[in-house]
Structures are given as C-alpha cells and as structure tokens.
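Below, each structure is written out as structure tokens.
Two complexes are shown next, each including subunit A; its partner changes from subunit B in the first to subunit C in the second.
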Partner chain A sequence: MTIFSPRSLTEALQVLNEHPAARLLAGGTDTMVEINFRHFEPSDIISLRHVQELQVFETLSTGYRLGAAIPYKQFENGSFSHVSGALSEASRTVGSPQIRATGTIGGNLGTCSPAGDTLPVLSALDAQIELSSINGIRMLSIHDFMLGVKRNARVSNEIITAIHIPKINGFQGYAKVGVRNAMVISIASACLIHNMDKSHIALALGAVGPTIIRCRTAEKWLTQNADLSTSTALTTEVIEEFGRLAASEALPITDHRSTAEYRKHAVGVLAQRLLKRAMK
Partner chain B sequence: MSTSSEIYSLRVNGTDQHVKDAWIGESLLYVLRERLGFMGSKGACEQGECGSCTVLINNDAVCSCLVMAASAIDTDIITVEGLAPSESPNDIQQAFVAEGAVQCGFCTPGLIVAVHHLLETNSSPSEIEVKEALSGNICRCTGYGRIFSAVQLVISQREKSIS
Partner chain C sequence: MSTRTTSKQREVLGVSALRPDGLAKTQGTFSFSSDYTADNMLWGATLRSPHPYARIISIDISEAIKIDGVETVLLASDVPGKLTYGLIASDQPVFASEFVRYMGEPIAAVAADHPETCRRALDAIVVHYEVLKPLTSIEDALNPNTPSIHPDGNVFRHQHILHGDANATGDIVVEGEYEIGMQDQAFLGLEAALAYPDSDGSGIELVVATQWLHEDQKQIADCLAMPKEKVRLQLGGVGGAFGAREDISLQVHTCLLALRTGRPVKMQYTREESFFGHVHRHPGVISLKHHVTNEGRIVKIEGTMKLDGGAYASTSSAVLINGVTHIQGPYKCPNAVFDGYAVRTNNPPCGAMRGFGVVQACFAHEGQMDKIAKAVGKSPVEVRLLNAMEKGDTLITGQPVESVAPVARCIRETDALPLPEPLSLSAGTMELPGGSGRTSELHNIKRGIGWGVSIKNLMYSEGFDDSAEARCTLGDGVATLKFATAEVGQGFVVLAQQIARTVLGVDVVVLDRIDTNIGSAGSTSASRQTWMSGGAVDGACRLVRERLFEHVAHMHGLDPLQLIIEDTDIVDTMGPLRISVSEASKGVKITQTFLHQHRKTEELDENGQGNCHVAFAFVAHRAVVDVDVELGLVKVVQIATAQDVGRSLNPLALLGQIEGGIAQGLGLAVMEEIIMQNGIVKNPSFTDYLLPTALDAPDVLFIPIEEPDPQAPLGAKGVGEPPCISVTPAIVAAIRDATGIDLKRTPVRPQDICL
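Our next item is the complex of A and B:
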C-alpha cells in the first residue's frame, strides 16, 4: 500500500491515471471509519489534502463554482455561507464541528450515501458536477451523477473537482429528522428551493430511497395550483396536498435507523414545513 | 510525492516527529498514541462520534481518528500536550478542575482541545455557541453542566484579565 500526496491537480490526475484502483482521500471522515473498522483495506491512497485547486471558490455570472475539497464549515458559517442558504443549513447538520472542519462537499458526492446531507440540496439546485481526468473535464448533472446507494457515475480515472450551483432568487431551506440535533445521520431529510424568477419550487428528499429523490409530481402539481412568482401564503389544502404528493414519491426502507412508514410520514411533514417557510 | 511503509514525518506540537515501521493506513490517533507516545488524545469510538481524540490540525479542531496520519504530513498538529507544559495546566484545564468538570476524565483531553479552539476563534461565545462547539464531544459522566460552567469561568476570567 502506498499513499500519494500530490501537490497539484495535474499531478493528482496523473497519479490517479497510473493507479486507477486508488482510493481518493479528501476529508477522510467516511474512509477512515471503514479502515478503522477493517471494512476496507485500501491498496493505494491518493490524499487530496495538498491539492490547492480543489479548495478554490469562484463566483460565476450565473452562480458559483465550489471546489470539491472545500470543507462543510466554510458553507455553514465561513467564507462561503452566502452562496446557498440551504447548503448552509445542511452543512450545519453534518456530524459535529470536528467532522465539518474536515469533511468535504466533494466527499459527500464521492460516498453518495442516500443520507448524505448536502445531496438533497445539490439535487434541488440542479447542480452540475465537474469531473476531471487527464483527458479533460466533463460536466454531469447531479441527477445523472447519483446512481444508487453509494454508487455514482465517476469513473476510476476521474476526480470530482468542483460543484456548480446557480444563484437563486427566493427561499431555500433544508430540514432533517434525526434522534438528536448533533452527530446524527438523517432518518429523513428534505430540501426546498423556491426560484421566483422561474416561478418554480424544487423539492428533493434524502434518506428515503436508494439515492436522492426529486419530487417531480409534487413540483408539477404545485406549479399548476399556486402562483410561485412571489412568496405569498398558501392555503392549508395546497400545503397538505403538496406534502401528501411528496410523501407518495418517497421509496423508503426499514432499517436500524427507522421504519419505512415513519420515513414516508416524516418527509411529508418536512415538505409541508419547508413550503410554509417559503410561502408566507 | 509518495509514501509507502517508509518513514514519514509529522509536525506535532511544533516538533518534527519521525514515524517508523507504521502501516500507512493508520489513523493519526493511533500514530500519536502508539508510535509517538502522545497519550493525551483518547480513543473511544474510532468513528468520529465521541470527540475524545480531538486535536488541532492547522488550527482546526478535528477528530484524529478520522485523519490518515500519513496524509497529515506538512500540517501543524497540536495535541492536548501542546496546549500547556506538563505539570503546569492552562486556565481551561484549571477551570475544569475548579468546576468539577472532570469525573472519569476520559473525554477531558478532547474537551480541553475543543474549548481551546472555540475560545481562540470566539472569545465571548453565547451559551448556545458553546453547546454547539462542544456538540461533537461526548461525556457520559458529568451531564455537561459542570463542563459549561468551566467554560463560563474561563470566559469571565479572561474578560477580567483584559479589563
């Protein structure tokens, strides 16, 4: 076993191309648990700690380009907390301050757990994932990137280099159910993004399916039954129907954290709660 | 730059330490304790849940069990031993003793590092900010009340010493 500590993206991509079976190590908060508990024995490791390009944040004309190795804490209340209210809220619910200081948004995508806290946000924002290899860059929609439980579309010689998200005019929020506030993997989560310029509300659900679920039916129904060009209070009937449709789109399972029945109920409540916060 | 099982160096409490004969996948916690003899950081959960292994890396409080030691080359690592000279506790450590915030003591080193980090970044945190900053450090003895009292004691002592 060898650990590589490349000092530039070019060097990292070359090393990865030569060692495609290597595990990419960003914050380490997922990989080290696997190693500590002997669930995973790495062959080679490529540490991304010293690759400065992955820490770069850029403001673009339509939005932001977030370097994949930027830790959660920078989105929670650090330098980049302004880019997305929902990303900020989601980041604040990840693990503990210690985890948020090291764990990265790119790592959340790399692991691609259905309970990954930032993933419903990236889904609701229709984020674009930037994947780099020695052959160049390809952009992939978040919806095509996430394939299933801990499966994504990254191929072995690629590094997730950045996440592109749009600037949104309107409410954005993230809500999560867990056994306590800190240090908890979500039982169910939801992100709602109100794009007033496009008269659209996007809703994405976490931890209630093999990967993040976008509630296309609930979204379409809401577009047809409410004026989404402004933030104005909706009737109880509209809010409840939105929650009911959202819950019906969830595909939860029963596991050691919760039951399928509870999860389905919880995402319906979260959807209603977020919609009320958005429209008032 | 690559490292296999050969020697690599870590900068711990300002001094370069050579790590010898280590498996490359070892956590920083394991290397600190078992290879370098820094026994202050404690290992309990080894999955980032308990915070008893908290150290500073480049001034961030992190769980050393979740850091691959060999990836921490060229960083500044500060352990609880680096916060105050042996036999000469700092004001945070003294406040923990004064307020009875130590019972079994296993979580204490991690808490000391976490409190140190909090007060370095925010010298007058609110009650909720203290609670959130310490939410990654689990204590099964005290019920946290005396720990929060100790933090308040440090804050008020430092404010007095400034004014």
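Our next item is the complex of A and C:
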C-alpha cells in the first residue's frame, strides 16, 4: 500500500494514471468508515488534500464552478453559502459539524450513495460534473454521471475536479426525513428548484431508489397545470396531485432504516411541502 | 444543610460538590480502560459467529498460528477450568465449541503483536458450520414442541402470581397489548481490559472496566481454575455502564491469552463488536387486563409478560421477577393473576439495563392507566391520584411497601410545573419535529401531553445479600477511603468524599485504588451504591469518629459521648474544648472497616408471594411533544418530573442522573432499537443505532421530593434508574394524545404514526 500526496492537479492526474486502481481520498468520511467496516481493503491511496485546484471556487456568467474538494461547511454557512439555498440546506443535514468540516461535495458524488445528501440538489439543478484526466477535461450531466447504487460514470484515470451549477431566479429548497432530529442518514429526501425564468420546477428525490430520481412526470404535469413564471399560491388539488405523481415515481426499498411504504409516502409529503414553500 | 457562612462552602453532604475525576474527564486527560498500555504488551481479539444458530463441524487454526506476529490462538479446549460462565446460571460458553447460539458468539481468541495482525489471524481461522434454523420468536420458544436450543431448555423462568381473589371483577374491563423493542446501553467507553500474568503463571492481575469487580473475579477464577485470591482485579476507567458491564465479556479471554503467552494482553472492542459483546435490554410483549370500578379504582389485574432473553441466561430470571412484581405500577391493587415468562432464543443475549424489567412493566401499566382514564371519563392525573400507592400498601406479591411512598406528591408536584409556551409562529426549523431536515411546517404540528408514573425496587432481591464493604483510615487530618465500588460515571467517588467530610470534619479525603484488595461492594446497579456503599463508607467513618472521640476524650479527661464534630472541629458539648480534627488526629492512625447489609429479603413462593424486595423509589414524568402527524416525526419539547429521592446528597450529581435517564428513556420512546431479522443484527453501529443528540434532548423541569427514608443509611434513595423508567410511557402517551393513535409499541416509528 502506497499513499500518494500530490501537490498539484497535474501531479495527481499523473499518479492516478499510473495507479488507476488507487482510491482517491478527499475528506475520508466515507472511506474511513468503509475501512473500519472492512467493506474496503485499502490498496494505494491518493490523498487530494494538497491539490489546491480542487478547492477553487469561481463565479461564472451563468452560474458557479465549485471545486470538488470544497467541504460541506463552506456551502452550509461558510464562504459559498450564497450559491444555492438548497445546497446550503442539504449541507446542514450531513453528519455532525466535524464531518461537515472535512467531507466534500466531490466525495458525495464519488461515493454516489442514493442517500447522498447533496445529490438531489445537484440533480434538481441539472449540475454538470467536470471530470479531468491526463487526456483532458470532459463535462458530464449529473443525470449521466449517477449510474446506480454507489456507481458512477467516472473512469479509473479521472478525478472529479468541479461541479458547475447555474444561478437560479426562484425558490430552491431541500428537505430530508430521518428518525433523529439531526446527524442522521436520510430515509427520504427531496429537492425542489423553481426556475421562474424558464417557467419550470424541478424535483429530485433521494434515498428512494438505486440513485437520485428526477420526477420528470410530476414536473411535466406541473408545467401543464400551473403558471410557473411567478410564485403564486397553487390550489390544494394541484399540490396534492404533484405530490402523488412524485411519490409514484419513487422506487424505494424496505431495509432496517425504514419501509418502502413509508419512504414513498414521505417523498409525496415532502414534494407537496416544498411546492407550497415555492409557490405562495 | 449548613447555613454557616464560610469563605468557601465545604463540600459536605447536600452540597453540589465537584467530582474528583470531573476536570480530567472534561479535559480529556482521564484514563479510560482502553487508554492503558503495558511494556511488551500483546493485543487480543475475538473470533465471532456470523450465524445466529449453527453446529460447529470443525475449527482449523493452523493457518492463523503461522502468521508472523501471532503468539497464540485459543479455543474452548484451552479453557483450564469451567467452560461456562454466567451471573445466575452458568450456561454461557467461554468459547463456543459444539453450537453457536447467537450472532457474534465468541469461538476463538488470538493474541498478536498488533491489532491488524489479530484481524488477519481471525480471517485465517477456518470454521465449518452446519447452519441451523434459528429460534427467534418468543411464541416458538414457549411452544413445547420446539426443540431445545440449549441443554437447559428454552424457558429460563416462569413465574405465576396469584394475589387476593382470583375471581374478583370490576365494573369495567380495560385490555391492552404492549410491545417493547430491544434497547442497547450504548455506553461511550467501549469494553476494554489489560491483563498482567504473574511471572510464574500462578496468578493474574486484570485492569478492567466493569460494574462489579468481585463477581468478575469469581467467574474468571472458576474459568481459569485458579483460587479467587490469585485473580486480582483493578477497576479501569469506566465510560458508562447502564447494566451492560455486569456480565463477563472480554475478561476471561484476556486473562487466558495473557496466561498462555506470559505477556500482558490488552483487549478492546470496537463499537460494532460492542453491540455483540454485551447483553441488551429485553424486548418483550405484555398483555394486561384491568378490572376497575366505575370510578376508576383498580380491582384486579390479569395478564402475561413474555421477555426474550436471547441465547443465554444472564440475568433474565431476575429481570423477569422485577417485571412481574412491578406490573401493578405505583398503584393500589388488591387482586392479581399474572404470569411471566423469560425465554431462550437465538437472538443476542439480554440482561441488565437501567430499569431492569421495570421499564417493560411500566410501559404496559402506564398505557393501561390512560385507557382506564378514558374509560371512566377522568384525566390521566385524576385516575393516577385515585389509585396512588401509599406507605403500607401491598404489592401483588403480598409485600407491604415500607419505604416512604410519596406517589401522589410526585404526581401533584409534577403537575404543578409550568407547561411550555405554545409553539411560536416564529419557531425556527430546528425547534420543530424533523429538526435540521427542514421537513416540518408549523401548521402540520400537533402538540400532545402524556403521563408516566413508576415504582422501582432498590438493591437486589429474592434473598440475595448484596452487601458492601468500605474502610476508612484517619491520620493527620486526612481521611483515606478504600472500597471496591465500581465508579462507572454515577459519581460515587464524590459522594464518598462528601460522606467522609461530613462525618469526620476533614476536608482532604483521599480515595484508594478501587480493586479486590477489600471485600465486595456489590454491583454498581439496581440504584444501590448510594444506599449500600454509601452506608458502608458512612459506617466506617462513624467507627473512626468513635475512636477519634475516645482518643481526644482520653487526652483531655472527658467522656467521649460529650464530643461532637462541628464543621472541622471536635467540640465538647459540656465544656470549653474545641480542637480541630487535623490537630486531634496529628500523629494518630485510626482504621476501621464496615460491612453494610440491607434487611433480608425472601424468595417468592409458587404463587409469587413473598417479601422479595428491599425498598422502593417513585417518580412521575409529564411529557410534552410536538408531532408532525403527516410524516410521523416527533420532537420532545419538555419533560417535567418529580422524583422521590429521600434526600438530595449532591444536587448537581442528582440532576445529572435525572437528565441522563430522561435522554435514555426518550431514546427508547422514539429512536433506539436493535433491529433484528432472523437473529441477524442489522444495525450494529452508531450510524443506524440512533441515540438522542443535543437537538433531541428536551427541556427538563425537575423537583426532588425529599422525604428522608429512615431505612436508608443516609436517608437517600437510589436515583439512577427511576429517571429512565416512566419517561418512555409518558412520551408515547403524549404522542397518542397528539395523534389519537393507539400506539402499542415502543420505540414509536414514523410509519406507526402516519401510515
């Protein structure tokens, strides 16, 4: 086992190219748990802590470029909490303050758990994932990046270098159900983004399928049945139907954390509540 | 309490004296059992069964022993003495050899130069199993046609209770079924021990985090085939216990490895292993039928209590007796027909946990009290006051309650505590159910209020003499105390100092090492150490004081009976002499040992009749909860409580017990449960076994009810268990009140509320 600690992105990409089986280590909040539980036998490890490029935040004309190794804390209430209200709310629900100080948004993507707290936000924002290798950079839609339970489209010589998200004119909100009032793994979550300029509402669900679920049916129905160019209160019927459609798009399982039936019910309730928060 | 003004308040009884280990614990410099190391030390680790029930066909250690750095691998055949251990029945193998009966049961232990080497050695041991269908339900275990999974059978104990008139009836019959999930003690300081073998191998010294040094000593000595005095135990720093350190876990394994290798061996569990390494709270099912008058007075109770004890006996039989003998609650009840069963299954073993059987009973009887209130059109408070037990009333075992029994006062004083303000329109997300998940909106929230009242026995029962010994030495103004009382976080170390300061008028009290070089103090459990070890320290200090008075009286030609301690002085009540204790004890050394015993108790007869308990304490809880009814999420807003404490010896330590117990009871009400499927534990980590966080902890309003109990050596009752007993039913009752749903089970899950 070798631990590499590259000092630049170029060096990191070279090391990774030579050791494509190496584990990329950012905050370590998933990897260390995997090692402790022996779900992962560490071989070579590339620490990304000293790769400054991954910490860079940029404001672009249409949005933001978020360095993949920026910790949750910066989005929760730190320097970058302004970029997305939903991302800020989602970041607050990640683990404890210690975890949020070290865990990174790129790590959330790298692990790609269906319960990843920031992933519904990135899905609802139609984020673009920037993947770098020694061959260059490719941009991939979040929807093409997430493939399944802890599976993503990163190939072995690539590093997730940044996430591009748009500036949105309109409400954005996130809600997550856990049995405890804080520091708890999601048993159902949802993110709703209202883009008034595009007269569109996006809804993404977490922890109710093999990966994050975008509720295309509910979104499309809402576009046809409500004026989304402004924020005005909707009828109860519209809100309930939106929730019902969202719940019907969920594909939850029953496990030791909750039941499929409850998860389906919960995302329907969250969809309705988020829609009400958006349209008032 | 003294009202004299001094520059610095003396830290005597009644004062919030600070614990001697408090600063070190707060600053992180306190050595817990897992912090110790020794020169030339090896690490130990345990191989555990992945199956809840299987026959062991073969165990091959040949590859493991070849690994560089591995010093030894031990199996059942390496145990020199008794092959089994247990607190009451010795039915649990040190290492499984023929069958494994629960997931996580130890099969082998290794000692190696590094924990990672240990892990590799465990991986290299090849065990062939014939996997068997586990017995996992209480009903199956009670079915006589189910094959026994252990030579001792599938029923640990059945206890029948028949009291008064079995045919008595009431005007109204109220029935209920109640179910309790399996709770873990979840202490923070994981199991850890360090064993030092004597150079000639004839004895061993073990430093261990435990609740009862002498019981460990006895069980270890039996397994090692050594005389008891050759097994010397010292208490390691204990990070919480709550009952989970009463049974043997790694003690015997650590000693065996150290004796085999001739080197110090350290074992410590991980959090995951800890879930398999200690017993849990018994899950169970209770059916209750109350006959009551139209007014709501209890005429008779009938029913059954069935507890799942898991694979081995541990303290199941005692937990059951506590459960069935407290099933009436703190209420008058002239007639009863009740049956209790504790059974063996292939689930993890269950044993002691704070409340010890009474938690289960209380969840059921308090659910019944609310049903009775509803049936007769009274409030929860009215129906409880109507039935409240008083001193002199009898239990359904026929035992008169001779303790101070301020049940009605506990209820009234709790009721008088202010309710929280209604939810404000500006309440932040964090204050609502769902907390940081931002799920709730004000208009979805319903508030509910619920009650729970309980009775809890103090000390051990059924004829057991759980005495406690302590020694006090006085010289040059310094008192030194020696006892084997396990300090597990409860604060006996500060209480012992307070007692010595109060009785002897000294300020400096040195605590000797807590070990087996003195008689047993009994277990730090059953809310008993303030009473038992407190009584022993008090007794030893009083004997020393008598000798000191004799010494002073002799020097000054006085009658020692004239002398008293006033503050830090010895004062002649009949003359002018006033001499400081420091001065009077200069150059002398007085040592006295005292054995404190409680009054004798009896075993129960075949009808469950007999004076089986020593004493009782009472408490009332009122819970206020906010519930997001649509999502089934709960926020406990406030717990109000008045507890019968006898006498408050250290108000700060007392409040710590109250608040901690409430948090633990809240856990059982809304989140803490070991989830099992066919004997497989699904959540053995703090990721999925959820404990309350600071955000889940409610405001606590507390009133101590101080009616000193003449039976108690210091007038004080044990306070450790009551806080966590009736708070669980109070919270569940509040959720029922908010939602109108007849919740039968605890912990309450979101889907129980909203689906």
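Rule of thumb we're sticking to: the second predicted complex is superposed on the first by the 280 of 280 C-alpha atoms of A that agree within 3 Å, B and C clash if a C-alpha of one lies under 4 Å from a C-alpha of the other, contacts with A are read in each partner's own complex, and residues count from 1 in each chain.
Throughout what follows, a residue touches a chain if its C-beta (ideal position, glycine included) is under 8 Å from a C-beta of that chain, and two chains touch if they have at least 3 such contacts.
Note that this is a predicted model, so its numbers are computed, not measured.
Enquirer: After superposition on the shared chain, which partner residues are touched by A:V269: those of subunit B (first), subunit C (second), both, or neither?
Expert: In the superposition, A:V269 contacts subunit C only.
Enquirer: So in the superposed three-chain picture, is A:H50 touching just subunit B, just subunit C, both, or none of them (first/second/both/neither)?
Expert: Touch status of A:H50: first partner only.
Enquirer: Check the residue A:C112 against both partner chains and state whether it touches subunit B (first), subunit C (second), both, or neither.
Expert: A:C112: touches no partner chain.
Enquirer: According to the stated criteria, A:E261 is in contact with first (subunit B), second (subunit C), both, or neither; which is it?
Expert: In the superposition, A:E261 contacts subunit C only.
Enquirer: Check the residue A:F37 against both partner chains and state whether it touches subunit B (first), subunit C (second), both, or neither.
Expert: A:F37: touches subunit B and subunit C.
Enquirer: Using the touch definition from the top, say if A:L205 reaches subunit B (first), subunit C (second), both or neither.
Expert: Neither partner.
Enquirer: Contacts for A:A175 in the overlay, against subunit B (first) and subunit C (second): which applies, first, second, both or neither?
Expert: second
Enquirer: Between subunit B (first) and subunit C (second), which does A:L234 come into contact with in this model arrangement: first, second, both, or neither?
Expert: neither
Enquirer: Would you check which partner chain A:L25 touches, where first means subunit B only, second means subunit C only, and both and neither mean what they say?
Expert: first
Enquirer: In the superposed view, which residues of subunit A touch subunit B and also subunit C?
Expert: Common to the two interfaces on subunit A: residues 33, 36-37, 181-183.
Enquirer: State the interface residues of subunit A toward subunit C in the complex, per the touch definition above.
Expert: Residues in contact with subunit C: 33, 36-37, 89, 92-93, 173-185, 189, 255-259, 261-262, 265-266, 269-270, 273, 276-277.
Enquirer: Per the contact definition, I'd like the list of subunit A residues that touch subunit B in the complex.
Expert: For this pair, the touching residues of subunit A are 1-7, 15, 25, 27-29, 31-33, 35-37, 41-42, 45, 47, 49-50, 73, 95-99, 101-102, 181-183.
Enquirer: Give every residue of subunit C touching subunit A within the complex, in rising order.
Expert: 270, 272, 430, 433-439, 441, 444, 630-633, 635, 670-671, 675, 677, 682-683, 685, 687-688, 690, 692-693, 695-696, 749-751, 754-755
Enquirer: Which subunit B residues qualify as touching subunit A in the complex?
Expert: Per the stated touch rule, the residues are 1-5, 23-25, 27, 46-49, 51, 54, 57, 60-63, 65-68, 70-75, 114, 132-133, 135-138.
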